[in-house]
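Please find the structures below.
You will see two complexes here that share subunit A, one where it goes with subunit B and one where it goes with subunit C.
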Partner chain A sequence: MITDFLLSRHEKKTLIVAALILAAAILVPLANLLTPVGSILHVPDHLVPLMGKYLCYALLALALDLVWGYCGILSLGHGAFFALGGYAMGMYLMRQIGARGVYANPLLPDFMVFLNWKELPWYWTGFDQFWFAALMVLLVPGLLAFVFGWFAFRSRVTGVYLSIITQAMTYALLLAFFRNEMGFGGNNGLTDFKDILGANIQAPETRAALFASTALMLALALIFASAVVRSKYGKVLIGVRDAESRTRFLGYRVENMKLFIFTVSAMMAGIAGALYVPQVGIINPGEFAPANSIEVVIWTAVGGRGTLIGPIIGAILVNFGKSIFTAAFPEFWLFALGALFIATTLFLPKGIVGTVMQGAKNRAERQKAVAAEKGRAVSPAPATVGTPEPQAAE
Partner chain B sequence: MTRARSELRLMALLRPWAALRLALAALVMMASFGLSPAAAQEALRPLINALGTGGFPERAEAVKTLAATGDPKVPEILTYLSDGELYAPKAGGAVYRVGAGNAVTDPLTGTPSEGVSAGSLQKIRLNNTLRGAITTAMSQLTLLSPDRNKRFSAAQDILKSADPAQLSLVDGALAQEKDGAIKSLLESARAVMVLKSDHSIEDKKAAIDTVAARGNREALTILQTALAGAPADLAPLIQGKIDGIARQLALWDVAQNIWYGLSLGSVLLLAAIGLAITFGVMGVINMAHGEMVMLGAYTTYVVQQAVATYAPGFATFGLAIAVPTAFLVTALIGIAIERGIIRFLYGRPLETLLATWGLSLILQQAIRTIFGPTNRQVDNPSWMSGTVDVGGLAVTWNRLWIIVFSLAVFFALLTLLKRSRLGLQMRAVTQNRRMASSMGIRTPYVDALTFGLGSGIAGMAGVALSQIDNVSPNLGQNYIIDSFMVVVFGGVGNLWGTLVGALSLGIANKFLEPYAGAVLGKILILVLIILFIQRRPRGLFALKGRAIEQ
Partner chain C sequence: MDAKITNSILYLDNVSVSFDGFRALNALSFVVEPGELRAIIGPNGAGKTTMMDIITGKTRPDQGEVYFDGAVDLTRKDEAEIAQLGIGRKFQKPTVFESHTVWDNLELALNRKRGVFSTLFYRLTAEDKARIEEILATVRLTARKDDYAANLSHGQKQWLEIGMLLAQEPKLLLVDEPVAGMTDAETSETALLLKDIAKTRSVVVVEHDMGFIRDLGVKVTCLAEGSVLAEGSIDFVSNDPKVIENYLGR
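Up next, the complex of A and B:
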């Protein structure tokens, strides 16, 4: 039944993108490990984690699209779920260092020795096990989103108010994680990782494997998200986005619907963060900065919200642009990013994918109209809810 | 006897005019003994010479005796002594001053002492007891100085040391003192001395009352020391006074926290009030609001530079010029933003949020490119620097002016909204945009002016913030989230909500800080607001009516 749920009713373009991501999951590691250096097909070592990073961002943007594009919840705090997933993974990686740290303490990470802590805080227990850390990657962001959403949606906090308090949430976490007393490395965060699952984290093979798992996870998440939004529940979700009060009056429990998608989305963001940390090699409180969360929104908007594949494309494009820009003209990057925000909202409200889809739809309708004028019988199209068209949620 | 008789005989022998001259000379000598300082100083000489004999305790005694004369020459001598310039022969005897270049002089008159070489003398050495004695002696002497500031610091010194032996000196000074502040210091000092010495219980009780009446931390310490050595029948009284003062001090602490809170709240009010207008009237979340504040602060900097270059005489009025300039600059930029970007996004608040965020990035980077990433120095004019004590409160002038300024801006805005035509139109648009439009109000025009007004107020907030915060491209970022919290907490569409929201957040923040620390306090506030929003999703002062639900 679950396979049925996952494999049925996908749009063709979603499947194409998923297939492309899977192809990358196989080809990039192969091109990195098997081809000789200097060959045209060779992918240099330093590009593998960079591309892996883009895919993590894409997964984060996909998670945001679920809540923003399909449910109208503009979360300005998704970076917090991402960072929490990252911290859970970072704690596992810290415990794997063992006695190889600067202070060679077998139990305590370096920063705790430095702060003169004598024993491991209780919330660090269990993080030496990978399965436990993996569970926490899902549970911690999920729980936060559940509690936060339960309070927020039940009292019908909507629109910009919700956006602002999600921003306050990530800001509060930013301040909290900067404190040394929290036991998460304070300002410096967690870094100097050595091993993941027994493999050297710096080795090209490990990095290739990390890239492959990120791509695989992204493809799975895309299929899952597509299945969710095309299910009956997904249709109601779109109803909530476009006319919340009406959906409520029809008898749906709007707050439960929102709560579910918000929690699922937070867990996806947590996974993205967990995959991000071993590839980047550091997690620090800066990831909680409100600016980061807003940047995720712009990736989603550029690609096209409410399309699932749009945010993936947007995240990869914008971050690729960022890499190029910050290397070539570092002082102009913020100008470019700011202009991107303004231009997207003014001229490209549906994003790249949404605009292309709109164009295709218009063309099809014109052809139909031309055909109808020629007098041929046209079977009336079934009145389905077609491609969701993003609208402003008030 | 024989000598007097021989003088008489001599006088008889002299001619009458010579006798007259002699008598005159004697008269002059006698007058000089009563009036001339030079002669009076001669009386000091044995006392000065005593400084060079005996051990440290004896010398300390000598210092005290010297000080007790109250002669104006004594401070000079004591300064020589504490500077290590007084020397005496090894065997004792006359004391000399050995100044720069081993010049030996007489310490009293300053005339060179012929025939005494520095090599034959030994420096009068000091130890801490002696230094203490010198300091006390100096303050005793300055207690009677005609210079008020000198007397004031001397009174403070004497309160610190409070040696019962100086009781009579303080009594003397008290009798002459006219200045209230010095008098109260001296009275406390006297009370402490009484407590230390063996006076009667009644005297001591009066002394305790005097000390307790001061009611500050010093008084608390004095009483606590007194409690340690107090007789059994005084202890309960002292303990009672200590409790009273502690209660009073706790009250002052509360007042101080409220003051800090008001100060923070007024800053928040200034930053949030413009936001409340744009959000309340237009439903626009302006993420670039913080950058308007930042632009206002940079305008202040530019104005200050311009005034310093072209009209240095007006430097103290730089701030007064900066306020309207900043308002105009940011209001014009605000109108440009509204006409250029925001008007295309009405009805799409989330998109407006993103576009204005993009704008804030551009403005920040532009300022960073023009002025550089480092802080710019904006000076405080003289009338805004310094502190004034009000009871147990330390009130800084710049904070006080900012509170006054923010309240002035608040009430000016309130008057504008309630009394002017533009205000009427703005309120109409807030309550029901379509109805207002049907009634002939040009809503786009009102929108542009409203946005300009909100931005202009942010610019004026920037002028105020330039006085207490670093003027850097990130200035606005530090306030934007707090301002949003104020608006969300207070409720939109009602300025009183913003006022109450800003002040209560400011005060709550400052009350949490001592218990939780600055960062944790802020986190707690954020959490409390998030919880509060659950209870009242539209803030403290929510607008009511059907226009609210979309």
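Up next, the complex of A and C:
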């Protein structure tokens, strides 16, 4: 049933984008590892984790689009789920350091030794196992989203109010994770990672593998999201977005519909965070900053919310722009980002992909209308039907 | 239980509700029998829409009893439960899913399992397909089944919404101003459609259009200030001096 669900009813453009991402998963590592430095095909070492980072952001934007673009829930706290997934992975990576830390303590990470802690807090147990950390990457953001959503959606908190409390949620986590006594490295977060699954995290091969895993995960997430939004459940979500009360009076439990997609989306964001941390080499409370979550909203809006490939393109484009811009004019990046958001809202309310799709649809409809007009005009003389004629000026 | 309750499809007794001190419903009581088509008229603010809100679980009454199908206490249930019990509601302003096609609108309305996982793995069966096609024919939208609901005319949206209610297979249909904004031809066709629907289920219609009510030719309840002013045939009600004073005007 599951494979049947995943393999059916995809749009052609979704499959094309998924194939492109998979091609990148293979080609970028090959171009990095197998071509000589200086060749035009060579991808320099520093670009591999950078591109991997973009793909993590794309996965995060895709997760946000599921709730915002399809269900109308504007979450301004998705960065929190991303960061929690990142911390779960970071805890695993910390435990892999072992006795190679500055204080050479085989059990405790450096920051705990520094704080004079004698034993590992209970919630760090199990994180030396990759499978456990991977499970937590899904469960911790999922559980938070489930509990948060259970209360919010049952009390029918919607619109701006919901956005504000999601923002408050990520801000509260920011403050909590800044505290040293929380046991997550406080201000500095978790860093100085050495190994992942026994491989040196700095090695080009590991980085290439991380990039490939990220691309693979993004392609899978895209196919999964497409299966969800094109199912009847996905149609109900759009119904909730456009006419919530109608959905309710048709007998759907709107709160359950929202809760499911919110939880699934949070888990996707968690996976994105977990893939992000080994590639950038650090996770700190800054990832919980409300501004981060708002940036995700901007990527999604720029690319086109309510389309699945829009947020992927938006996240990659905006972050590529950010890399260029912050190198050239570091002080002006936030102004540029703000201007971009205003321009998108004013001139491209459907985002890049949404606008292109609308254009294609309009053209098709115009052609259909022209054909219908012609059909009517020539119907008394059916012999001419079907002969192509130059289109009349409109 | 009271025989009056058990023999009714909808039973309201002494229902009152206030909003910020304003009494929207004031000891409202009336009964709809199974298979009945009932028209409700009344001036603005008479409590017609509030009454529908109470029946469909959107608003809780301050006091009074509301029973459905002879036994079910509606005051303890929420919108989704009440819809699943078999009460369909058409809003005053046509409310359809504009970014879905006509077909998808009906598919969503179809009376099937409505949980997250049953909708996630739902497959259109031949039976469901036939049912949707049948409804499309009834509401005369077959030719437009692949068009987005947003592109329908006002009258067609009203009809699509009625079609969605039919797909829900309700035992009781609440219809709020179905002919508002319709042409005369559409209005009389809607009257025929509603009469047809009422053959197999109970229907309550709220309407201002007296010509339309006359076309329906059914028992009429006139509400004013949150309670029943008069009840009976259209001629009886429209000759009632209280109705003339409160609603029809001299």
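Throughout what follows, the second predicted complex is superposed on the first by the 375 of 394 C-alpha atoms of A that agree within 3 Å, B and C clash if a C-alpha of one lies under 4 Å from a C-alpha of the other, contacts with A are read in each partner's own complex, and residues count from 1 in each chain.
We take it that contacts are C-beta pairs under 8 Å (C-beta built on N, C-alpha and C of every residue); 3 or more make two chains touch, one makes a residue touch a chain.
As the structure is a prediction and not an experimental result, all values here were calculated from the model.
Should subunit B and subunit C be called a clash or a fit once both complexes are overlaid on subunit A?
These partners fit in the superposed model.
Comparing subunit B against subunit C, which has contacts with more of the residues in subunit A?
B
Quick check on the superposed pair: does A:231 touch subunit B, subunit C, both, or neither? Answer first, second, both or neither.
second
Using the touch definition from the top, say if A:239 reaches subunit B (first), subunit C (second), both or neither.
Only subunit C is touched by A:239; subunit B is not.
Would you sort A:260 into first (subunit B), second (subunit C), both or neither based on which partner it touches?
In the superposition, A:260 contacts subunit C only.
On the A-aligned overlay, A:252 touches which partner chain: subunit B = first, subunit C = second, or both, or neither?
second
Looking at the overlay, does A:349 come into contact with subunit B only (first), subunit C only (second), both, or neither?
Once the two structures are laid over each other on A, A:349 reaches subunit B alone.
Taking the superposition on A as described, I'd like to know which of subunit B and subunit C A:321 touches: first, second, both or neither.
In the superposition, A:321 touches no partner, neither subunit B nor subunit C.
Once both complexes sit on top of each other, what is the least C-alpha distance from subunit B to subunit C, rounded to whole angstrom?
Closest C-alpha pair between subunit B and subunit C: 7 Å.
Considering each complex separately, which residues of subunit A are in contact with subunit B in the first and with subunit C in the second?
245
So in the complex, which bits of subunit B are touching subunit A?
Residues 285, 341, 344-345, 347-355, 357-362, 364-366, 368-369, 481, 484-485, 488, 519-520, 522-523, 526-527, 529-531, 533-535, 537-538, 549-550 of subunit B touch subunit A in their complex.
Spell out the residues on subunit A that touch subunit C in their complex, using ranges where they run on.
Residue list for subunit A touching subunit C: 1, 5, 228, 231-233, 235-236, 238-239, 242-243, 245-254, 256-257, 260.
Applying the document's contact rule, which stretches of subunit A touch subunit B when the two form their complex?
Residues of subunit A touching subunit B: 74, 148, 151-152, 154-161, 163-165, 167-169, 171-172, 175-176, 178-179, 245, 290, 294, 297-298, 301, 331-332, 334-335, 337-342, 344-346, 349, 392-394.
In the complex, go through subunit C and note every residue touching subunit A.
Going by the criterion above, the answer is residues 56, 58, 79-80, 83-84, 88-89, 91, 95-100, 104, 107-109, 111, 114-116, 119-122, 164, 168.
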